[in-house]
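Each of the next two complexes has chain A plus one more chain, namely chain B in the first and chain C in the second.
So, the complex of A and B:
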């Protein structure tokens, strides 16, 4: 009975958080004399107004879901894997490298695409593993190690695009030479969406959900995250579990990068990670690190991103409005969580 | 010494000035036990706000005040959420880092590309004419001079004054400071907001001086806050060492530009980020002494090698304030 009441209170505060975030974003728009209702309407039409738009939202949903899935694992172990942007980028670089290596070979294209994914996953795991080693054996906090690795991965991408992998003639910010369509992940007719990437992303969140909810590994991982010292004394090899958490997150991040290359851009571009890693961190925070809510919240974030693309053209507003709303949501959820705790503690 | 080198060195000091403000502000905040992870957003938002205010009021002073105010406000949110509402400092700071960045781009849209006022150069009469030193140190604008003063004042305050000692205390052993009569959480609020105001000065220093103007996403400021955070760690929570880190970073970036003609095959963007692998390496070096396995390995070595290595590690090693990121409860 008591439990049900506190759940209602908790839900009420979450609704309050969403309302406050919307009010805040509306106030921000009024500050630049924009018309908030027009803007919200435009975002809605821009994200769900047609089959093409919906398919574009799903295209953005895939890397977000993959990133957030991986981050649930590192968060479970109490780790802030801010280096996920770099891990996505390395996945994209490795996938591109594999395709470039094999594109003129006699291998069947399906196999080359598959090997591209394998290479991408390996790239993500490599970059995450390095952050893990720095953290576990070097004493370098994963936030600062990860940030540094993010910058290095960006430099690596740009060097490859303008150096060894540059287009015939001169390298440009538009990226490397696009791959032959036979090496693209098959897409639905007339859309940019590949059903295969949807399958990969949904499988990822299901695997993580089961891993964290129903396995011994997940239980021990959470023990490491809650109280590393106690877990260690209970005989959990904490260092190995933390390292494994990084590797798993790197795997999903690497797959996200591979999808961007194999199914979306069909080449390596300078900002291939598109900030999806950082958005994934926000999603994980917003759902309070619970796997159940990741898919719908990631879909909502993807819709905001896609829906705001046409704001500059239609309403002369900057498309970063979506980022303001996303940030405000997480911020006010944190605020309301704190207020609720103070409120319920006093009783 | 040749003229290009002198001007280059002077340029490094000027380019590093905003970073110096950011790292000193963050050092003071973290000394008090609070991590303000919002730097990247704070700097962008204060740069945009400072520029907008300066353009509309034609007053540079108001522009800088606005920047500092933005920094203080964002820091106040970090303090309120982490101290009073007991949320994770890292989570709050990270969200603000992203949200303030997007706010800056969104709200800055109307003033994008406008021409605005710029802080004038202020050579110091007499001193500016000293050979060599005059060119390097005394032909800057007032902000670069202020950055020199800030380093000295922050260093003296933290290490040589009584309140500074108390500041170290609330970050290291808040319980002990509390027993000695310090209102730990109120002081943490105070230093976080003060540190935030100093960080907020970095924004207008870019948009009104070092990279004058507001050009939205291509302003070239995105990422600087994350760099400043890394430099704060590199600086081992000492204003002096943090400032050294800021200058080292500016020097390496300048070196990249100078070396560019000699390395035509390397794109300039790569040389721009060349300091980062170096940064990670130094982070590793200053932190590795804290790792447990190092002690164990050292214990197994012959006495003389062990002593030499241990001394080397201790010289490089830095440890964060013991209660950094740890909430304080008085009861």
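So, the complex of A and C:
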């Protein structure tokens, strides 16, 4: 009875947070003399206006969902895996590398694609594992370690694109030489969306949900995250579980990077992670680390991203407006959570 | 400065930490405040120095009623407190430490401050290099630095909380001399301690706190037995003693040496028999916690051997100790014992080794219900541990212990529990002893130590007594040893 009441209060505060975020974004638009209603309408049309648009939203949804799935694991273990951007990038680099290695071989293309995914996952795990080892054995906070590894991954991408993997003749910011269409992950006719990548993303969030809800492994991860000292004294090998959390998150991040290469860009481009890792962090915070809510919220974020693409063309507004709204949303949800706690504590 | 406390009350939840305390301290005296851990000494001093506010009563400084809102407010009114752990900034220079607390303009007046401090130093014969880094100073020097800082900031009443912990005998003599000079100059000194010897040697007047109440006062010449009686004097009947007589050796500690940033423990030897209970007595911070944690493998001793049965354990990680059959129960339930946010059922799943990858929820709930029933926990399998009361959290901690256990190490098994729960919990523990579990436990409650132990080790400032036979020891003897007498 009391529980239900507090749940309602909690929900009310969340609605309030969304409304405040919208008001805040509206205020920002009014400040720069744009028409907010027009902008919102355009975002809506830009994201759900046609089948192509919807499929584009789903294309953005896949890496977001993968990143957020991985982050749920690290957050469960109490870790801030800021390095996820670099882990996505390494996934893309490894997948590209594997495809470049095998594209002239006699292997069937399906197998090459599969090996591309395997390599991408390995790349993400490698980068995440390094952050984990730095944290556990080097005493380097995972936020700093991850941030450092992000810079290294960016530099590595640029070097590859302009160095060893440059296009015949001259390297360019447009990336490496595109792969032969036979090495593309099969797409729906006329659309940029591959059903396979959807399957991977949905499988990822389901696996994470099951892992955290119903397994001993998930329970121990949560114990490490909520009170590492007590978990250690109870006999949970905390270092091993932290490391495994990093590895799992790296696996999902690496898959996200592979999807970007195998299903979206078909080559390595300079900013292959597109900030999906950081957006994934925001999503995980926004849903309060509840796996159930990740899919819809990630879809909403993807829609904002895609919908705002046409803002510069139609309204002469910068497309970063979607970022303002996403950021405001996270901030206000966190603030409202604090307000709610104060409010409920007083009584 | 004359300090007067009138009818001070302070509650922490249901605990009455200060119960109607009235105390007058004339100017120029050294007032001792004596009491066992948790008696309310620190609470009272925190109220006087502005860290916390009293729930009732008033404070008078030089016969004027004052409100002390914060530590900086206290020092403005002339009350400075020297904490048990020095409140300084180790990686900074001495002079910068002094400047930090100084209200001043944008640019610190380094030279003037240095000159003022040097003058104070010569007055007391201190010799601290102002350009040295604080972490290069000894504990005694850091204490002197803190005294200098408080005096320089205008303190006319100085509160010292357990100042003789961790300093050498020479430094202690120096400190006492300083305090006597200060009192001679008209300062009021309040000396909080549990060490009888220190209080007797220094203070012109002593009050004793026990369980939040002011239970007595004394002036020189002191009768140690009376002070001990006031500190620990309570009579509780706990039922009949039960002694274990099994002779087979279970756990062995040989020449154990532990080092800590303030304590050095040397040459501890202990032979524990099957089913035997050994109590560790001593004031908090005397080394018993370090010893217990070394037995659990949490702290690595610098030297010595630990053996359980035929297994050699020293040098191995904590989880190896655990797998060998040693189980550790910490005192801080929510910080080290249980995991906030997880339910009782999830705790049972964490501690039980269950086969399979997926959690069998039915089985988990069944197991938890059994535990709840066996240990009379007021809660359901779905209750989060933080929603339980302290006593029920303690029961849950005990319910989570996996049988079989060869050696159970417990910090304060009954802290925060009422007498009935304590008796009940010990009946459960003794039941385990009959099945062959040996227990080593720490307690601040002398009656608990005397009543439930077969043998007792007393700790004082890192020194460890030979095992005492609990049946032949009295509260007074134990109290004297704990207070550092008769070593």
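Just so we're on the same page, the second predicted complex is superposed on the first by the 347 of 347 C-alpha atoms of A that agree within 3 Å, B and C clash if a C-alpha of one lies under 4 Å from a C-alpha of the other, contacts with A are read in each partner's own complex, and residues count from 1 in each chain.
What we mean here is this: contacts are C-beta pairs under 8 Å (C-beta built on N, C-alpha and C of every residue); 3 or more make two chains touch, one makes a residue touch a chain.
Predicted model, so just to flag it, every value in this text is computed and none were measured.
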Side-by-side fit of chain B and chain C on chain A, or clash: clash
Broader residue contact with chain A after superposition on the shared chain, chain B or chain C: B
First, second, both or neither for A:236, with chain B first and chain C second: second
First (chain B), second (chain C), both or neither touched by A:19: neither
First, second, both or neither for A:320, with chain B first and chain C second: first
Contacts of A:282 with chain B and chain C, given as first, second, both or neither: first
Chain B versus chain C as contact partner of A:27, first or second or both or neither: neither
20-28, 56-64 or 92-100: stretch of chain C that collides with chain B: 92-100
Touching both chain B and chain C, residues of chain A: none
Contact set on chain C toward chain A in their complex: 298, 318-319, 322, 328, 330, 335-342, 346, 349-351, 354, 356-359, 361, 400
For the chain B and chain A complex, residues of the former touching the latter: 37, 77, 81, 84-87, 90-92, 94-96, 98-103, 105-110, 216, 223, 226-227, 229-230, 233, 265-267, 269-270, 272-274, 276-277, 279-280, 283-284, 287-291, 293
Complex interface listing, chain A residues touching chain C: 214-217, 219-220, 222-223, 226-227, 229-237
Contacting residues of chain A [partner chain B, same complex]: 28, 31-32, 80, 82, 134, 137-141, 143-145, 147-152, 154-155, 158-159, 162-163, 171, 278, 281-282, 285, 316-318, 320-324, 326-328, 330-331, 334-335, 337-339, 341-342
